[in-house]
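Labels run A, B and C following the written order; every chain starts at residue 1.
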């Protein structure tokens, strides 16, 4: 199977099966990530009450945990949901937003990773480095590093979790215990839209629901993000019209778009 | 008064009086529902602190309660607000998002309905069936049933509340103790935008603030949703440009649009 | 330095330095304000956990506190963050959303103002009057007064805080202990988009991070809001397409736009 076929098969599976992706995520991106999942063809659900997260995991096909606007009760819900996902055997994606920016974030992300052993940990280079090296160097939630500078950090964490680690940047990098994939699609306006990293994590959940390889699921998600970004960027006047076109592109993306644009490389 | 006149009179009243609609709703849709209410001509306010919900109801013309991202403190605030709305005599709309998906949601929705005796309960067919039959069959927050399959369930609940029950679907159905209205406007992209069901509930609050008949207020809201959807869908490239056009259409909708497009039927 | 140069210098400084603006704000506008800050060139971060707000202030260049969807734990986080900002010496902007609408809001806003002594308090005329006169006359979160009617109230508060007070309206007014600035840019669709007042407060934070004069920072922010509104309004079909164009305009705004459109007046 070619790379193009692999990516397209996953999109077709998501559109056919509409996997239910349970998100416990931050307030800033809830609407955007729900819309991105719907546009791609998945079914989003957002629920965080301790009283119901295990039941919601019980009907879900993947779980996405994102600490962007974390607080004590939400962390407890994430841990409960992670436990239920582990028992059920559905993939968990963790997005350690802002790890490194404050000790509370770094500690919370490390605890969640230990508890959830995520199929995919997806962050930017600063976050992944902070989690591997226990060094706080994030500026807010932006990254100052290219993904390439976080490859060793990503491998260190992948050995701990047994899953994949996905590092976003101008070239995205996904590693697991044995492999590495580089995805080079994307558009310069993407970092100017809040929450596209969180969208990448949510879509990674949808791909992980239909593809049993965390490495491939994560890489395919990043490739589709980047291709939708290129389709969107062609005519955007700025970040807001870009966002509208990006969601429309997730909805309309075709096998021909993948064939024409995909820039992915396995080593 | 013709149906067209009834719908248009309500829109004109909302635009003239800008009723204050107090929403205690979910995180995913707060921004979208506030924008939809503003676009239509109503005044939205979002407030959920136990310390102020009764005071806020005191200046409001309608109350909308939506359990999409429920948690214990929010439910308590909803119950307090419902009590104040009952004492003041303003209409309450309840949206039981995801009822049937988890026992916590179903139980919460049933308690809220008993406490608020809502003028309008507005949900999809799966939610309404789960609440009438105590059967959990929702998949996430999507509906697997057409509204027609929930008519008996809706009537059962309407007898309990003394109000109307509004069931959304390709054809929306609103029932009360004596009547039934079918509203057939709409567009296939509507289920691909997160929170349009919640928007329907919020707009139902605005219509209920100006129309004393819960049945008519609910039916007019669904008709306007559907017509705005048709106006938006004509040129949309996908769900995000559809959403932009949908809100613009709520703002710009004219009596001529209603006359030309309205598909509503009373029995 | 001319007014045009003053405004443009601030924009250029924000784009060059990407100041980190820490927002503790309401659920309705989190996504929009983050996108507005990113579009302008600033770095937004949203964080409200008591466990980390002081650390987050430690890496921030400005702090914006907004009580739109207030609750007890959020107020405590705001007070903690305000204390840390005072000790660090970064500017604080307070947006007293809905002050006057409920006693809880008015009391909270007054306590926050006393605790934070904000460089800029930014609200609409009803809110500012309620805070100065302890009279509750807000209808929801809309203003029934022009900014001109709140000049004395704004001066009263400015004497208390030692900072500037920014009152939005068709003509925005900013006062401090000695001066007054009127900014007359804007577009009639702006009040039809939820949260543009909150965006004004967030952008005021970005301007205050690069301009040591609270009066000028606040006035420049309002001028840029208004000019972006005029650029956006030229082709908008309604409030949603207006919002998309508004964010694109913040991203694309040029010195030539400022020169051509700026309507500002100092007395």
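Here is the rule we use: contacts are C-beta pairs under 8 Å (C-beta built on N, C-alpha and C of every residue); 3 or more make two chains touch, one makes a residue touch a chain.
Model, not experiment: these values are computed from the prediction.
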| item | value |
| --- | --- |
| Topology of the chain contact graph, where touching chains are joined (line, ring, star, complete, other) | complete |
| Subunit C against subunit B, contact positions shared by both copies (same if over half, else different) | different |
| Gap in Å, rounded to a whole number, between the CA centres of subunit C and subunit B | 33 |
| Overlap residues in subunit C, where contacts from two or more other chains coincide | 27, 31, 243-244 |
| List of subunit B residues in touch with subunit C within their complex | 18, 20, 27, 30-31, 34-35, 38-39, 43-49, 51-52, 55-56, 59-60, 73, 243-252 |
| Interface residues, subunit B side, partner subunit A - complex | 26-29, 31-32, 68-72, 98, 101-105, 139-142, 191-195, 236-241, 243-244 |
